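So that you can tell them apart, the chains are marked A, B, C, D and E in the order they are listed, and the count of residues begins at 1 in each.
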Amino acid sequence: MEIMKVIDDLVCTRSVRQLEGISLRVMEDQKGKLWCASDPVGVGQGKWVVTTSGSAARWAMPSFSSTTDLTIVGIIDDWEKQKKEIDG
Amino acid sequence: MEIMKVIDDLVCTRSVRQLEGISLRVMEDQKGKLWCASDPVGVGQGKWVVTTSGSAARWAMPSFSSTTDLTIVGIIDDWEKQKKEIDG
Amino acid sequence: MEIMKVIDDLVCTRSVRQLEGISLRVMEDQKGKLWCASDPVGVGQGKWVVTTSGSAARWAMPSFSSTTDLTIVGIIDDWEKQKKEIDG
Amino acid sequence: MEIMKVIDDLVCTRSVRQLEGISLRVMEDQKGKLWCASDPVGVGQGKWVVTTSGSAARWAMPSFSSTTDLTIVGIIDDWEKQKKEIDG
Amino acid sequence: MEIMKVIDDLVCTRSVRQLEGISLRVMEDQKGKLWCASDPVGVGQGKWVVTTSGSAARWAMPSFSSTTDLTIVGIIDDWEKQKKEIDG
């Protein structure tokens, strides 16, 4: 799993039906690259979260039929503080 | 999922039968690398889209038997504007 | 899917039984990195092709029991010309 | 599988139910990038371990329903010594 | 599939039960990065091999229940010579 930051919402004007009604977020990984994740948890902008990828991303959704490959699975409250301690 | 741009169509003169009749697009990711994606949505050149990878790419196709590993799952209308706001 | 070039054949002197009798090719991706792909299409050296990865690579083979994770799924006749037009 | 180092515990204040009760660790790969892994073995900080990714990460957990994509599967006691010998 | 070199054996002092009794090897990819692969073929140090990843890595093992994501599937006898010819 990766540690990413929620940057913004993402709105698709048209999508495959398996993504309809699913909350999408713009995510930033630790190198600053942007991704799109499905969010079954309901996370606000600026929060640090744990994401899972691959088929696990579908298992983490309420319905396995969603066609995501990246899903937010947990919120980390104190990541910036913890990261500073890790970096020493 | 990744945020990519549709660059062009891609035509295979010969393919495995599981890709016959499927629309393929040349895609560019955020670092400028080119990819090939299957397109069940029908997206024109120059559009920004969300793509899904792995087994989810097959689930996003009308038939699961297609052998794609990258599928366009949604169109983002205002990505360039949104990206500018994110980059601040 | 990725756009790669067929460089050479690859011969394994010993392999797991699930790869016996399968044509293997040395592939080069767009960054010059070499890979090994299974080839159910029958492609000559120097050709540009589309490859699929992950479990889709097995679905693209005549037998799903082959243990490949990268399979040639289509031949692109005019990629070098098309790439020049894309690069402008 | 990758060879990674256990850096710290990771606590999620909220998570999807499929991760509840699962021990999470902050991991560092050989390039210094941080990851989050599920730990069914019970490994202390500073230990070098082997991790598996993708669907294998779920198979390595007591319950396949956990939505991890990275799991600790073994402890290496003498990695730093062995790595020195490899680097010559 | 990737072309990698067998560098050394890898011994885990403790592991999940799905890896018990499985031969593990330290591998080096073409960029010098180290990996851990399961070896159902029985390959000596210094040999060049083909590896498969993802769920195919489990299919290549005698038992699908092993939790590997990287498995040696074939031995290449003349890779260094062939590589020189490719590099021209």
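Criterion: a residue touches a chain if its C-beta (ideal position, glycine included) is under 8 Å from a C-beta of that chain, and two chains touch if they have at least 3 such contacts.
Remember, predicted model here, so these are calculated numbers, not experimental data.
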As a quick test, compute the distance in whole Å between the mean CA positions of chain C and chain E.
20
How many Å are there between the centre of chain C and the centre of chain D, using C-alpha atoms for each centre?
32
Which chain E residues sit where two or more other chains touch them?
53-55, 57
Answer with line, ring, star, complete or other to describe the graph linking chains that touch.
ring
From chain A, heading first to chain B, list each chain in turn around the ring.
A, B, C, E, D
Can you tell me which positions in chain B touch chain C when the two form their complex?
7-8, 10-16, 18-19, 24, 26, 33-38, 53-55, 57-58, 65, 67-70
Chain E to chain C touching residues, read off their complex
1-3, 30, 40-41, 50, 52-57, 59-60, 71, 73-78, 82-83, 85-86
